[in-house]
Amino acid sequence: MSKSADEIVYGLKREYLEKICAEGNRIDGRKLDEMRNLVVNTNFVPRAEGSAEVRLGDTRVLVGIKVEQGEPFPDTPKSGILTTNAEMLPMASPIFESGPPSEDAIELARVVDRGIRESKMIDLDKLVIKEGEKVWVVFIDMHILDYDGNLIDACSIGAVAALLNSKVPASEIGAEDYPLPISHVPVTITFAKIGSTVVADPNLEEEEVASARLSVATNENGDVVAMQKGLGGSITKEELFSAVDTSIKVGKDIRKRVLGR
Amino acid sequence: MGGTQSDIKLMNEEGLRIDGRKFNELRPIRIEVGVLNRADGSAYIEWGGNKVLVAVYGPREAFPKHTQNPSRAIINARYNMAAFSVDERKRPGPDRRAVEISKVIGEALECAVFTEQFPRTSIDVYIEVLQADAGTRIAGLTAASVALVDAGIPMKDMVVGCAAGKIDGKVVLDLNKEEDNYGQADLPMAIIPRTQEIVLLQMDGNLTREELEEAVEMSKKAATYISDLQKEALMAKYKSQEPEKEGERDE
Amino acid sequence: MSKSADEIVYGLKREYLEKICAEGNRIDGRKLDEMRNLVVNTNFVPRAEGSAEVRLGDTRVLVGIKVEQGEPFPDTPKSGILTTNAEMLPMASPIFESGPPSEDAIELARVVDRGIRESKMIDLDKLVIKEGEKVWVVFIDMHILDYDGNLIDACSIGAVAALLNSKVPASEIGAEDYPLPISHVPVTITFAKIGSTVVADPNLEEEEVASARLSVATNENGDVVAMQKGLGGSITKEELFSAVDTSIKVGKDIRKRVLGR
Amino acid sequence: MGGTQSDIKLMNEEGLRIDGRKFNELRPIRIEVGVLNRADGSAYIEWGGNKVLVAVYGPREAFPKHTQNPSRAIINARYNMAAFSVDERKRPGPDRRAVEISKVIGEALECAVFTEQFPRTSIDVYIEVLQADAGTRIAGLTAASVALVDAGIPMKDMVVGCAAGKIDGKVVLDLNKEEDNYGQADLPMAIIPRTQEIVLLQMDGNLTREELEEAVEMSKKAATYISDLQKEALMAKYKSQEPEKEGERDE
Amino acid sequence: MSKSADEIVYGLKREYLEKICAEGNRIDGRKLDEMRNLVVNTNFVPRAEGSAEVRLGDTRVLVGIKVEQGEPFPDTPKSGILTTNAEMLPMASPIFESGPPSEDAIELARVVDRGIRESKMIDLDKLVIKEGEKVWVVFIDMHILDYDGNLIDACSIGAVAALLNSKVPASEIGAEDYPLPISHVPVTITFAKIGSTVVADPNLEEEEVASARLSVATNENGDVVAMQKGLGGSITKEELFSAVDTSIKVGKDIRKRVLGR
Amino acid sequence: MGGTQSDIKLMNEEGLRIDGRKFNELRPIRIEVGVLNRADGSAYIEWGGNKVLVAVYGPREAFPKHTQNPSRAIINARYNMAAFSVDERKRPGPDRRAVEISKVIGEALECAVFTEQFPRTSIDVYIEVLQADAGTRIAGLTAASVALVDAGIPMKDMVVGCAAGKIDGKVVLDLNKEEDNYGQADLPMAIIPRTQEIVLLQMDGNLTREELEEAVEMSKKAATYISDLQKEALMAKYKSQEPEKEGERDE
């Protein structure tokens, strides 16, 4: 079967990237385990209870936190509620479409949510107003503004940064506002497998030729709290543990340098 | 326009408004151009407490095909509020208000863009309200014009939005959130400065014919000033790019 | 680029209409500021709390009012609720489609709603059953049955006529039914710009060639209470104020002759 | 069929029903033809408290394309209740009940229309219930047949709808709203009078085999009368148009 | 107009089936009023409040019953709630699609529901926990797993069998679980008209060439409790009553032999 | 992972779990092949209290057309829970969890299927959870591999799913529902036994690096056993068919 021009170009690009990665290099000059430049700007939206704008290379996301009163779930009457949503805005890329969340957007929101929820970052037990009747609901809304790869890390770091700077608007119920109760600080690092090389924080060009993706969230103790493999290719056990080790190391750095923890 | 709480004073004895502005004074406006990498054109505007980001894609083949117009480009404006942009979290996705605002913004831009030059295409204008403080449609439209220029789309002139309204029985310029909530009228408008054509006009509240004339005039005057801000923002971008271009040549 | 037969026919039609309008004439013999024949038939649906069938030329709409008990919005505990919906039924035109409301239907409903809400026609404060808990909800449902242009005016006049004849079913809660509390009577008049002429109450053929549309709602004092410009063309300041003047004049006539106010 | 409140009497000692009708008596029916301008055919029916408007469009190219049938027209019936047609406001848009009724009405009409004459087209039948009072599907179907003729669609014969039911243990014709709510059975049915074929049949409640026969017979008899009303309505339209046509020729 | 190969094959198949039916035979050797082999396996899903797997020839459905606490409808405060849903899973046939229920699935659910509701099979009055506030809601969910025709009967029989074996989980509210209160046992039998012959329990091939379909539900007294005619063909009065008689007869047999009643 | 109720003991003093299993013991697994008539391939699995049915259709032309990939088949997995499969009734239709699980299952199968052999087609894998008891995605994926073989789709090897987790601070194999609710970590994984590649991997909870290694190893070992069950199930089907085939030949 003959190939289209698009396919040929794609094949060449893939080959090229696989080759330089195999040699230990990357298209933008980074080391294999090196993140792109990461800038986090908190309190971008003062009207929200918390917010953070994240630039990870040319990827840009804005995370806003709203904290509102609501009813607890019937099976967890003594617990606040956490809910996470990602909007892959058509503004951010010609390939994103308007309409209900795509399966990519759903996976993105769920992976970010899992890192925060499973690390027990937020102490949901402290968000009860009246047991079984009223609790604080924490809404994490992630707006993708500019897409150049690795949304999982940009969104995760943005969500964590925004939560660390969020307040509970207790003045609404006659008390004093207080900071969101934080127990842990998870950081998620994502890897892409290009040919047989694994790189950290893939940019868009790298993502396009990757066969597999792996996200590893760790906490400040170096424990693994969430993972997600993606794409239609496989990874080896060795690749998994190498990624885990890098995630612990890079996570520690980001926690300190960017999140101030 | 709530207008029922007549006990809320929005203007003091000296004629100053709750944020200290005079009746015909705009809130601070700041425009930045070319702020996004992926989009063909983009702009960011801060207008009082409003923070609005605009991206333009196109002209590109309109999709799905049946939306194509054989004699001109369609302008597809999408006004969207971030869930966290307002006091009470907004559910993601377009509500009826957003659909209407998208429609009138798109129609206003259509008055200025030379759409006949790009048959069968769409020009997509994505307006994201990141923080809302009354007047978001006007801020978004003003930034959208700049983003269209940044995308290289040919236009008669940049559309400029501005609103006037009525508080405590007086016609004033550019309502903020409290004034919008408790005032008596709001009149968002947009014009093409070069021809003075009105391309967007909505109004709600209560204005006598005379107040209406006063409000329209006040917005028209402000539009000239905002138009200059648009141009300065574009110039600032091109200036800032020059050294970069030099640098590129060196490599 | 060559034009299709449809485009050529459309161009000729547009030219013709622009020409006769420029000469002060209209295709159906009306004067530029003249409405088509307007017939309002209230209480068409006795089972509803109010209703009005409107024929504006060959355009026909049916507006029904339901008044039901409901919860107030949290931020307006002392106020009843008004909600307006337009159904552009596929029955009414070959170009209307089944399915969720189009953006035209949404704009139509919102423009009609704005004229009624912003004129403070209904005294919503008098629709409270129990403050913060139970209020009367007024549903305005507009059914487009036959489409020959200018739905905004047909629907607005129908909604106002139906509301003027509506009752609050207070017998449901052990009181006596009473008429809906009315404070003002807004009338909306819509104009179309054809070439450089502005005409009132455009019919379908005129709408099809119009470059801009303007709706102006005024109350019984001659104040402007709502406006909406539509379509991808512009208007001048002079056209705006001429339309306002006509709207005040024609509105007064309709208020008296058709609405009996 | 509620049927639980056995204490509600729907028939008095003289065998008269709450609205004064005899057991085999129809409610008043009035049919008008050609009541809409835009549609290809239309009809309006009042049947007791029911008010139903029907518009027909077609045969026209079926859209989207994959719905086209290469050997015949598809009949696309859409039964819809106005939000204000019932006591408690109905949310706009089709619910499950409306989907089912649309389906059985469309199938009933398919039995009568010569669909093979119009391959790849759709015949769209829009049935709007403006006020509901039990028996809306039957009223809508009866009017739809007339609207199809008004649209010039060739048919074997006009379909006629009629319902019988059971109240207070007796089989009766044409239930009204209270009878429908508190009766023991409802049997909406439609036939083609010329051939006596049954083209729509639904039933719920409880009928012995004998009662079922009685109910079917009763509806069949009524159908002849309703069929005459359909024809008279069509004739009335053509009569009323004659002078107009003369007038047109004069111009 | 020339016909496609598909249409010719379909025409031949239809002619063939019409011919053998006219001779009193069926493609799978059954008599005209004979059902396919029917196997009902209750309690297939022990975690549900009731369930039944039905195989009717090669058609296979799984019906699950959930009984949960909920609010009564405002107009029936003294009555439990019954709700019926059918999922025509894409698993079951290449012609079933994912997504919201098709009109076929809606009709299927409503016809099954009608047979159960109108026969007063379940005594909904006995499902009240607190009048006007809390009642038991009975959810009938029908999962179509393998489609070889006559879903109405497979689902109806499955729903009835599952309900007969369902319990009310009253232990949730501190009482003892008890069997769902049953008053009647309806059985629905469906017929297809092939040419001018009527056959019971059509299989997929028969359904494909049928002009009309008729479902008749009867109760243990031989009363008719629900009926539904389907498809774009007609039936005669004689065919109707012959179907009613067969339904009464076959229903009695199934009630005894399969449902144990 | 709830993990908050530390007072719930999931393992007794002898190291046995609440269902009597040892730390590295699987729940009973039973696989059946070719259980449906209409589908191209099918399998049914019972894994502890899980009951999952899988049907495969394809390779068939992908629809709608724009989803076609010119160089390979797309795998379209759809994981769906029956409304009655869980304690509290689930609303029909896919929720966000189901969308994510469908995605990771599809991606895992893509690692094993020779998709390049069938350009422009889709291979549709429908996974219906009839009763759920923790580990449904793993059970569904394991059965899906078998159903693909039953449909005659060429694969590198059958994918095998297995999960490990942590309860009461110990790494254990194959969590059941209570262990999933009150345990401290869950790690669903799938591998291709022949190459030991990891094709699905998710994790939530809390594991040290050492525990993670232990968990991965435990699942890998179990996968060999499950792989054998898959093969036996396929053999059982072909054996059972042989006499039938003989019979067919006789006719």
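Should a chain be cited, it is by its letter among A, B, C, D, E and F, assigned in written order, with residues numbered from 1 in that chain.
Criterion: contacts are C-beta pairs under 8 Å (C-beta built on N, C-alpha and C of every residue); 3 or more make two chains touch, one makes a residue touch a chain.
Since the model is a prediction, treat every value here as computed from it, not as a measurement.
Looking at chain A and chain D, no chain is in contact with each of them.
Any chain bridging chain B and chain F, meaning touching each of them, is among A; the list is complete. Using the mean of the Cα atoms as each chain's centre, the chain most removed from chain D is A. By residue number, over half of the contacts seen at B-C repeat in one listed pair from E-F, A-F or C-D, namely A-F.
A separation of 58 Å divides the Cα centre of chain B from that of chain E.
If you average the Cα atoms of chain A and of chain C, the two centres end up 48 Å apart. Between chain D and chain F the centroid-to-centroid distance comes to 52 Å (mean Cα coordinates, whole Å). Interchain contacts close the chains into one ring where each touches exactly two others, per the touch definition above. Traced around the ring of touching chains, beginning at chain A and stepping first to chain B, the chains run A, B, C, D, E, F. Remark: chain E residues 44-48, 51, 58, 60, 62, 64-66, 68, 85, 87, 89-94, 98, 100, 139, 141, 143, 145-148 touch chain F in the complex. Partner chain E is touched in their complex by these residues of chain D: 1, 3-4, 70-71, 75, 96-97, 99-100, 102-104, 106-107, 110-111, 119, 187, 192, 195-209, 212-213, 216, 220. Interface residues of chain C facing chain B in the complex, by the touch rule stated above, are 1, 3-4, 7, 103, 106-107, 109-110, 114, 117-120, 125, 214, 219, 222-237, 240-241, 244-245, 248. Across the interface of their complex, chain E is touched by residues 36-39, 49, 51, 53, 55, 57, 60, 78, 80, 82-89, 92-93, 124, 126, 128, 130-133 of chain F.
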